[in-house]
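Shared chain: chain A. Partners: chain B in the first complex, chain C in the second.
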Partner chain A sequence: MGYMDKSLTYIHEAILKGEVTPLELVKEALLLAKEDTNNAFEYICEKEALDAVIKLDASKKNNLLYGIPVVIKDNFSTKDIPTTGSSNILNGYVPVFSSEVVTRLEKEGAIIIAKSTMDELAMGGSGTTGHLGVTYNPWDKDKKHQVGGSSCGSAAAVSAGIVPFALGSDTGDSVRKPASFAALVGLKPTWGRISRFGLFPFATSLDHVAYFTRNVYDSAYILNILAGRDDKDASSSFNKVEDYTANLSNSIKGKKIAVIKGIIDSISDKEVVKSFNVSLSYLKAQGAEVDVVDIDVKLLKAIYPTYIIISCAEATSNNANLDGIKFGNRIEGESFEEVMVKTRTNGFSPLIKRRFVIGSFSLLKENQDELFVRAQKCRRLIVNAFNRVFEKYDAIYCPAAPSIAPLVKGSSNNLSDEYLIADNYMAFANMGGYPSITLPLGFENNMPFGGNLTAKPFQESLLLNIAQAIENGTGLKDLVAKRN
Partner chain B sequence: MELEAIIGLEIHVEMKTKSKMFSSGPVSFGDDPNTNVNIVDMAFPGTLPTVNKQAVINAIRVSHALNMKICDLVTFERKNYFYSDLPKGYQITQQFHPIGSDGYLTIKTSSGEKKIGIERLHMEEDTCKQLHSWDFSLLDYNRAGIPLIEIVSRPEMRSGEEAAKYVEKIRSIVTFLDVSDGKMEEGSLRCDVNISLREKGSNKFGTKVEIKNLNSLANIQKAIDFEISRQSIILEFGGQIEQETRRFDEGSKETVLMRVKNDAVDYKYFTDPNIAPIQLSKEFILDAIRTSPELAESKLLRYRELDLNEYDSSLLISDKDVSVYFDEGLKSGCSAKLLANWVIGDVQSYLNKEGISIKEFPVCSLELGKLISLVEKGDVSNKQARDVFAEMIKTHKDASTLIKEMGLSQVSDENALIGIIKEVIDVNPQSVVDYKAGKDRAIGFIVGQVMKKTQGKANPALANKLILEEISRR
Partner chain C sequence: MKEVNKEVLVTSANKLMFDMSDEEYNNLLAEFDVIISQMNLIGDIEGVDEAIPMTFPFDVTNTYLREDVATPPMDRNEALRNAKDVVDGQIRLPRVVK
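Entry: the complex of A and B
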């Protein structure tokens, strides 16, 4: 009998009861990983995982993660394990240090069995742009649908039942969107709640450590481990870390939930809206007050372009260290300029270069006021608008995406309201640093879609409490795509 | 056409903090290449900057010493450009809100005092050091991330002398504040000169030339004087000054062309999102200033109050370590004047002879002070003290131990001396007669005999006095 499709608590109990050993779990996960057909993995850490499981400290077996196989997105630095960010420019890069989050997981006894694929350097939302190609949605046996990105491999690994938990990162919606497409719980806590030390930066002011589980309880438990101040990340918060599992079963009576009208209005898929409304009835049934609230549609439409300008500007600077001098697959040249130009021209895909050009362009002296500074002002207006909602409401709740996962070869109308709003609005939570969670809502043609709940900064406990109430209502948890 | 030079300076000061500006990597000079480096300094993907508090304190102290406004909100910007010595592809600096702004300092030149305006002072990080060979380059990341303060003057200097005095004053401030070694020859204080010429009385600026690689005060002055005459000649003959970067060639004592400047690089500055703005409290700023080490100027005033003359005082503050040595010696309670004479005289000549700095001088100043106190008390004579001092250098023993070992302590006990004096006079009655007959030399003979009996340890002044008293009684 397999365990990898079960919840963390279930597997943990099985270890404690002696039904299964960490070594057996790791072997199961490694086997499943090797059989993966969705292109979920950059690197399977077979030897490293087997070594680590032997060295496990048995005195720590009461830790929930003791002996549990996990997957790490390939933009987290992992000591002695290749880390490429799914970019050719970092082929062969083996870090000499681990990210703070990886260290924390390992301390708890988690065993890293693989590094997962991603959109190149986390810049993308489709899971199709990494240097190993398209990552598929495990819910689609025909491999026509995306799983979403940029944390595509981590989403695929958890929804395919290969591991019960995987680490991702979320700069616009890179965990919360794939979670919607893969029937997972995806949590991005408050900016500063989890140390970013060791996470390859995409857009610093928007980057968050985030992760996938298959139920709300597991998500809360993982936060207990990952949250907390880290002196290596000056932006990490000194706020007290709570026991995020403690309030999960609290009543949500009287909690006030806002549904943003402009977001719902931009969605054309009736199935999605219907299931969403059903989930609202669960919230109301448990005593929550739900209101439909207006935010200026112009501001909602501005989220995506604002995100693009700020994220591209920060990205072009953040990735300037990959110049072939210290990092990056160096291509030799006659001068240092030539080395840099050749290395970067070869190492980055055209999509990445496009983002760098947009970012550089918006930072140029003659454009900065019109583009970068204006985007920052716009970000402030957007955050102010959401802050005003949070003055009256405990959480904002909307569908996480306008539809099920798009087709790999699909195309979207990039100027439609649906694309500009429902498909990309979740970046508001990155702009405001709000904690935000996606969880399953329903299925359409056997493909999942989810809802997204966002709360005020550092209100993870309340956020998870309300998420648990939704999960209780839908009963959609521990979902795993059937294997072919 | 009468021309005047418009000179502005940019000075980079390497701070000697324990760790780097944004990492815990150690700051240390002269170590083997790439031994003081950590993952942040090399910009490993995923590493993050953390601000060095001591560097901020240092920057506040220097800003205060330069009479600047101190900005209580510390923010850092990224200066984005690609260069082989730049680990991250950007330098973290303070572009928008420098910690110090709008200050001045006063210099003394041969033509009197002059106030030089200072536009800004900001913190930033150093790049790595490059060593270029004919077909390869070596990178030393020890320097990468060392905290720097950059001080930008207003273009208010008019001569090489003024510029050299300005730099000398800045160097004095950063060394007395313990912020930096301030060694130009080792690059811990680096100076770039911007210089242009214009017709006297005009308010337009001429084309600016930048001079780099100035590694001493003398060279700053020489380079500027040369550049003034070079540009003057061009302008006198109707030529035009090119906007260019030049360096000073020590061999020929001339500035030579490095590169012609094209359009300014666009550094695409933006605030570093990894470092949230730091609000400095009033207490923090005041505390940094209050606990600031003493500046040369204030030491000078203090020395003058100790009755040292202007010349001695300025000699003592010409080198921070000498003044620290002197201050330490004062704690012994000895005479400031005598101590100053020793430090400027005996100590300095030993240092010169050995070619060492006062930090390497083997006699601690407190012990020197004690020795001087013994001279003041009359326990040893000046001449004996010099012998003791020489032994202290050799043996590292303290003064009182050596005095005992060398059997040098003077007999200053009146009772003991009177006994000896009486004996000497008893056996030399003729001397008393001679003295009373007006032969002053007779007293010398008696003193000599007393000295002989005490093996030279009698306090001569005291002995003299007691002998006269004894004779007058006879």
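Entry: the complex of A and C
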């Protein structure tokens, strides 16, 4: 019998009952990882995982993560384990320290079995741009559909039943969008709730640690472990950490949910809207008050360009240290400048270079006020608009994406309302630092799609409580794609 | 805003210490048509230029001094482990004065 397609709670109880040992779990996960056909992994940590499981402290076996195999996105530093950010410029790089979240997981007894593929340096949303190529959606045996990105490998690993939990990062929607495409629960907590120490920075004002599970309870439990102040991250919050599992089964009677009209109106897929409306009926049946609320469509359409300018501009400075001198895949030259130029020219893919040029262009002296600073001003107006909604409502709820996962070779009209709004609106939660969770809503042509729920900063308990109510209504949890 | 042409894009790339092929520059020039149209959506927002730029999601005020506790620093060889060319505990670069 296999365990990796089960929930954390189920696997934990099996360990406590003596039905399975951590070593057996790790061997099962490693075998599944090696059989993976979706290009989910940068590096499978076979030796490291087998060494770690033997050293487990049995006195900690009551911890939910004790002996549980997990996967880590390849932009989290992992001591003595290669970490590339799926970029050739970091080929061969082996961190000398671990990120705070990895340290916390290991202290709880989790065993890292692999580092997962991603869009290069997390700067993409398709799961197709990492240096190892396309990561496929486990729900599509024909391998035509994306799984989404940038946390593509982590999403593929959890939805394929290789591990029950994987770490990702979310700067625009990089966990919450793939969660929608892979029938997973993807949580991005409040900005500052989880330490980012050791996470490769992409856009510091928008970056969040986030993660995938297959049900809301597991998501809440993981937050109990990862949340909390860390002196090594100046942006990490001193706010009190709650028991995020405690209020999951509370009544949601009287909770006020806002559905944003402009987002729903921009979706053309009737099946997505229909399933979303059915989920609203579950919320209403449990006593929640649901209203359709207006936000200026011009503001909604400005979310994506605002995100692109700010993230690309911040990325140029955050990645300035990738020069091959102190670490990374150095290419020799006649001068130190030539070393840097050759290393960066050869190490970054064309897509990343284009993103950097967009950032650099918006930061040119002549353009800065009209592009970068204006984007920062627009961010303020966008966040103000959503804050006004939160003055009257406990949460905002909408489809996480306008459709099932796009085709790998598909194309989209990048100026359409559907692309600008429904496909990219979730970045508002990064701009405002709001906690935000995606969870499964339904299937179309056997491919999943999800809904997204967002709450006020540090209201994770309430967010998870409402998410649990939706999950109870849909019954869509612990979903695993059939292995090909 | 500066006119978008190949020369400007080369300048933008070179400021970031990398270069691109002619094909990559041409692809990016074509992409900029869409990018500029998207950026113009921001300019269409009423009152945008009067808003205060937002640099972080929300204000965080940390008024504390950390305890002055000495901790062991990382070993030098360990810190240099990922540098490709190390001599006598220092990273070697091409000669500056030829």
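Worth pointing out:
By definition in this document, the second predicted complex is superposed on the first by the 484 of 484 C-alpha atoms of A that agree within 3 Å, B and C clash if a C-alpha of one lies under 4 Å from a C-alpha of the other, contacts with A are read in each partner's own complex, and residues count from 1 in each chain.
Operating definition for what follows: a residue touches a chain if its C-beta (ideal position, glycine included) is under 8 Å from a C-beta of that chain, and two chains touch if they have at least 3 such contacts.
The structure displayed is predicted, hence computed values, not measured ones.
Applying the stated contact rule after C-alpha superposition, one finds that A:340 touches each of chain B and chain C.
Contacts of A:96 after superposition: both chain B and chain C are touched. Look at A:313: by the touch rule set out above, it reaches chain B but stays clear of chain C. With both structures placed on the common chain, the touch criterion links A:199 to chain B but leaves chain C unconnected. In the superposition on chain A, A:232 contacts chain B only, with no contact to chain C. Legend: residue contacts after superposition of the two complexes on their common chain; A:169 is shown touching neither chain B nor chain C. When the shared chain is aligned, chain B and chain C each come close enough to touch A:325. In the overlay built on the shared chain, the residue A:356 is in contact with chain C alone; chain B does not reach it. Touched residues of chain A, counted separately for chain B and chain C, are more numerous for C.
Looking at the shared chain after the overlay, A:305 reaches chain C, while chain B stays out of its contact range. Judged by the document's definition of touching, chain A residues 93, 96-97, 205, 231, 234-235, 316, 320, 323, 325-327, 336-337, 340, 360, 364 lie at the interface with chain B and also at the interface with chain C.
Within the complex, the chain A residues that touch chain B are 75-77, 83, 85, 90, 93, 95-97, 99, 196-201, 204-205, 231-235, 313-314, 316-317, 319-323, 325-327, 336-337, 340, 360, 363-365, 368, 372.
Interface of chain C with chain A (complex): residues 1-2, 4, 8-9, 11-13, 15-20, 24, 27-28, 31, 34-35, 37-39, 41-58, 60, 62, 66, 74, 78-79, 81-85, 91, 93-94, 96. Looking at the complex, you find that chain A touches chain C at residues 92-94, 96-97, 191-192, 205, 231, 234-235, 237-238, 298-299, 301-302, 304-306, 308-309, 316, 320, 323-328, 330, 332-341, 344-345, 348, 350, 353-354, 356-358, 360-361, 364, 366-367, 370-371, 373-381, 383, 414-415, 420, 430-434, 457.
Per the touch definition, chain B reaches chain A in the complex via residues 39, 42-51, 78, 80, 82-84, 87-90, 137, 139, 266, 268, 270, 272-276.
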